[in-house]
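Same chain, two partners: chain A is paired with chain B first, then with chain C.
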Partner chain A sequence: MLTFIIRRLLIVIPMLLVISFLVYLGLELTPGDAVSHMIDPEAASQMSPAQFEALREALGLNKSFLERYATWVYNMLHGDFGRSLSGGVPISEIFLDRLPATLELSFLALLFSTVIGCSLGTISALKRGTATDSSLTVIGMLGVSIPEFFFGLVSILIFALHLRWLPVGGRLMPGYETFLDRAPHIILPALVLSLMMTAGVMRYSRAAMLDSLSREFIRTARSKGLPEWRINFVHGFRVALTPVVVLIGFRLPTLIGGSVIIEEVFQWPGIGSEFIGAVRGADYPLVMMIALFSVFAVLMASLIVDVLTAIIDPRVRLS
Partner chain B sequence: MANSALNRKFDRIRALEEAGELKPLTGSRALRKMMNNRLAMVGVVIFLIILLSAIFAPLLTAHSPTKIDLRSMLQSPSGEHWFGTDKTGRDVFARVLYGGRVSILVGLGSALLAALIGVGVGCYTGYKGGILDVIALRVSEIFMSFPQIILVLLLVSIAGQSLANLIVIFVLTGWGGMYRLARARMLSLREEEYVQALRSFGISTPMICYKHILPNALGPIMVNITLTTAMFILAEAGLSFLGLGVPLNIPTWGNILNVAKDLRVLQNNWWMWLPVGMVISLFVLSVNFIGDGLRDSTDPSQQG
Partner chain C sequence: MNKALGIALAAALQMTTTHAYADRANQLSDERVRQAIAYAIDMDTIVDTLFEGKAIVADSMIPNGGFKADGLNAYGYDPEKARALLKEAGWDETQVLDVVYYYGDQLTADLMVALQAYLGDVGVQMTYRKLEGDVGGQLNALPASGTDTSAVTWDIAYGAKAALALQEYYNGYQTGKSSYTPGDAARDELIARINGTSNVEEQKLAFKDFERYENTVLSDIPLYYQQLFIYESDRLDRNGGQYGNEQFNYDWGIVNWTAEPDETGKQTLYTNTAPSQFFEHPWLNPGVYVFSKIGLDHLLTADGSLAPTGGQLAESYEVAADGLSVSFDLKDGLTWHDGQPLTGEDVVWSIETAKGIPGLNPVFANTFDAISDISTDGDVINISFAKLDPNMLLTFSQFAPLPKHLLEGVNPVEFQQHPFWQNPVGSGPFKIEEVQMNDYVRFVPFADYHGGVAKVEEIVAFPSGENDGNIIKNATAGRLDFGFTKSVADVQSLEEMEHMRVIPADIPYTRSLRINKFANISE
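Now for the complex of A and B:
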């Protein structure tokens, strides 16, 4: 097992290094120079070229490109991600500030999509070939066809503006401290975010369930005279569940991508809306760091999925 | 009983057969299967209706999609303006039709270009193997380890907003999937005996890959092109909705939806965003139906 993890890490680490190198290259090529962002224009206009040069030297900007890259990576490993261009806030602080909101939203969306997707997929598989099955298939197709932000807009119109059951957006209100107080804010964005993934999970769990129902142990269970519900839900579902649970990790890129737009629609103060703000404001360091961070998250998720699969299915380890 | 219904159907077929009325089947088997797939045919019809009405937009509406008419601002749908007018008096129906041209061009065009590059590279390197294959594989891995929308936004922030940039960015982010698919097919097809025979005749490598092997891998590639088209149309709509896709002066489906960010518009002027959102959904749905039908008719192992 350990050798398997090490082997996987040997693939992931060079990958991260290459991507971080490209990101750093991008940072260097984008307009603007670290010095001009660090001092305010008033002071800069009164500085002589010699003073500029001294400052550049002190900041290590005159070193070779590779040396600067090495310093940058070293700093990152020590928690220094550089500064955002707007206001010079340390990027690590922005992460700490915004990440909880995004994690909260993603986790709930993951939960919704898994529960709803698995149950609909199972129903679809148990009733295969019937009208229920085909209408669920069509609904699933609709789920991946409606732009999620459009779905978000319609749900805002219905549940927030007309029925006034739920708030339009945002996350925190003054005086509302606990998660339960904030719960109404998260329901709509989490449901909308889970929509696209639900359809995928449904499709996958339907196929997994059909596969598991055609196995021989199901016939054995039936021949033992077990009640039908027990065969389906205890024997069949358990085997079908394994690949579906593993699929969660692969949904992470979709989740990150989806949350970018959904956070903007619902004014959810997470990493996604921060990212869009940074793209709009041409805040390159922040854009690059969030992108790098998302790659890191995706690679780590796929690593975890690989390890999980290897634990569940020993055949994977050997190949 | 489903069983007896099936029996009756077969009895009917046998009766036809004995009467000599059944002709031997001609034409492509995949095409016939596709024609019998009801959802896929519904998809083709919706797809054609939306595509043709976008192409022949000038015949369907007399209004211009960009002409500002301050005397008819914010009108609700009427006989004159089918989908009403927007804040500057532009006809929304005309904007949806003309916007469809750009949105479909971006979606379909990017998907086809991405397929051209991905399949072109994947076919050759997958067949040849060696160092070229390793390099192409690593490069595609780098592109694919970014969540798609993050990479698109990153590139938009560097390259700036324009229609051409958006297509290039979509192609850059979309070729990886096509490449992987083509390469995987090539790896299994290149071991076939007919390929060995071709090689022993001394036929050149590009000829073998592109003329003799590629046609056998076309089924899954076509399926992937349709699914990628759907993905790009959704991505364009999302980006333009954020105001980061196609520049706002060009009407596209996403740019029309952009106004719905304003809550007052969302609540009071439904005609400005609801119809276009439904058109996008219908179009993407039809493309997905077609893709699913193609998959069922070209790949028997995927049927469930």
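Now for the complex of A and C:
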């Protein structure tokens, strides 16, 4: 297994290089650069070409594409993540500031979707063919098909503006000291972010549970006279959990990317909303780091899922 | 490369290069065509419908008021006259005008549809597209000296001119400075007149002559004057403080504002325009962001229409009779928010540093470019000018000096990237108490403020911008007590809220069609 892990980690390096090059190239091909986004058109009309050139030179944008990319890779390998072009803030600081917000939102959404999705999927499987099963199936389909920004806006309208149970958005307010102070702010965005994933987990766990319940060991358990709850939840559910864990593992990194829209809707100051600003402003060092982090998270999740699957299921051999 | 390829192809096909890559002749260089376009657009209907009446139809780039000439042709909707003018000018109905814009809002897209319909009705076809990427370059590229071919590729550009000083409306037309208006000696003379005096009555006469000239030649077709809308919650009482052009700085009496205490018994007000990654420096947009508005003072202060009215950091000031020198005597005991003394050295350093900053506010740039000498004598700052700048006092009512002791040595080109802008130190009535970047910024009264300690105990600013969708959400939730917007849709929603009031303000902000008038347009 150790050889497998080392080999996979080594493969990650060229993959990251190729992906980073493609992202860099994509940014290069978009019209304009950071300078053209920094200065509004009215102010730009008052600037001389020499001033533009000086600004580009100061930000290192006057070098060729390959030179800039090579410099970026070199700096990365030396632990220098660079600075945001627009505000000069070290990117490591931006990550340290924003990532916790995104991670707490993503993990809570993952928790909500896992608990609710597995519970409803199990109920749906146990009540197969009944009105409950059909209702949950319809709800699941709605959860998958309605865009999350719509859910977000509707939930703000109902729970924040009409009922006034929860805040309209944001993460912190003056005077907050503990997580409990902040808790009301995270409930709505985490629930909305978890919604689409809940539907997926529910459908997946329903199928896995049905598959598990049709196995011979379940029949054996019943013949031994075990109580029905024990057969379903101890024997059936435990086996059904393996593919669901795999699904959740793969979804974890995508939650970081998936939170972009939710962060915008709920004014959540995470890495997703930062990414939107960076793309709009052609702030390539920041875009590159966020993109690379997302890619790295996906690759690592893939590795962890493979290892976990091998540990859980003895039939799986890592090679 | 495309052009080289075209030339090679033309040679191969035994064509002249002129046939392959001719710059197209521009019929918009004929003023009758421009006048026809002005007559073809029914701005009254557009303002009543698209803008819900929340704009004012423009008949000049200069806003209504004392500087506006009487008897200007308003080019009221007259499609028959438009068709006649086009016929007289020999308009080629097969050509399709390329109209560009740079706003991303739905209202602009709707306006483009309306313009297309109005122009189509008189036989002028147009397409429209939003500029992306290097918008400044695409709008403002200047033609080579002496050529009659424009360097920009568009026919018409929809945009705005938001002027701090009225001269900004016309200074850009100077020969060699405009991407869409060829040089013209008569116009240059008119520009020299509006810049050549600080006497208000003489300025008014010069502006009126300019407006009459432009009213015929239509370098820009003025469409409408954008209004600004100030909104406030019923928790806020300005206690007689005036309202005015909120995009800039004026004496709004914030020290005397009071707020209804919140549930904790504290007078806290909520607003927006806090930073998401860094505080924007105040030398480009001097009054848009909350720190610039409440955290920084200026040598002079101004009224709601931005006319300088007296000293702010300056106890007094004196302008020479010829307008070529000014001296400011700073108040005694001024300090920055960190307790360090605010001196004439800070002001001099700020002016000298600002001169090197790309994208410096153009009014500031004109004033500072005219400076021939600057010195300090104790608390007195003496400035001499090589030429008269009619907006010198306006500049010093908007230009905020910054602390030399914290910024000295900064490279002006990387001014915005300095760490100072993560938690800046100012001189205004409120100082920064806490920065939670991208969450909120908390301001508290500056205890040593020279104008007295503010009564409001705390101002909390969120990063929601001037025109973003969070305004309505935050206002509805009681998290927005004051601010301003130019968005018509926001204004309608704010007006429907019982706890909010909206006060319209006329500002110098004119939306127009910039017409490319060069004889030829680059392909």
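For this structure, a couple of remarks:
Everything below uses one rule, namely that the second predicted complex is superposed on the first by the 255 of 319 C-alpha atoms of A that agree within 3 Å, B and C clash if a C-alpha of one lies under 4 Å from a C-alpha of the other, contacts with A are read in each partner's own complex, and residues count from 1 in each chain.
Assume a contact is a pair of C-beta atoms (placed from the backbone, for glycine too) under 8 Å apart; a residue touches a chain by one contact, two chains touch by 3 or more.
All figures in this text were calculated on a predicted structure; none of them were measured in a lab.
Look at A:L210: by the touch rule set out above, it reaches chain B but stays clear of chain C. In the overlay built on the shared chain, the residue A:G88 is in contact with chain C alone; chain B does not reach it.
Within the superposed three-chain model, A:L25 lies out of touch with both chain B and chain C [touch as defined at top]. Once the two complexes are laid over each other on the shared chain, residue contacts for A:V154 go to chain B alone; chain C is not touched.
With both structures placed on the common chain, the touch criterion links A:P167 to chain C but leaves chain B unconnected. Contact with chain B, but none with chain C, is seen for A:I276 once the two complexes are overlaid on the shared chain. In the superposition on chain A, contact of A:A291 is made with chain B only, not with chain C. When both complexes are aligned on chain A by C-alpha atoms, chain A residues 30, 156, 161, 168 touch chain B in the first and chain C in the second.
Of all the residues in chain A, the ones that touch chain B in their complex are 15, 18-19, 22, 26, 30, 128-129, 138, 141-142, 144-150, 153-154, 156-157, 161, 168, 206-207, 210, 253-254, 256-258, 260-261, 264, 275-276, 278-280, 282, 284, 287-288, 290-291, 294-295, 298-299. Those residues of chain C lying in contact with chain A across their complex are 102, 132-137, 139-140, 159-162, 172, 179, 276-278, 284, 358-359, 361-362, 365, 411, 413-414, 416-419, 421-422, 434, 436-440, 442, 458, 460, 462-464, 470, 473-474, 476-477, 479. Taken in their complex, chain B has these residues touching chain A: 2, 39, 138, 141-142, 145-151, 153-154, 156-158, 230, 234, 237-238, 241-244, 257, 260, 263, 266-267, 270, 273-274, 277, 280-282, 284-285, 288-289, 292, 304.
Those residues of chain A that touch chain C in the shared complex are 30-33, 36, 38-47, 51-52, 54-55, 57-59, 83-84, 86-89, 94, 97-98, 156, 160-161, 164, 167-174, 267, 269, 273-274, 277.
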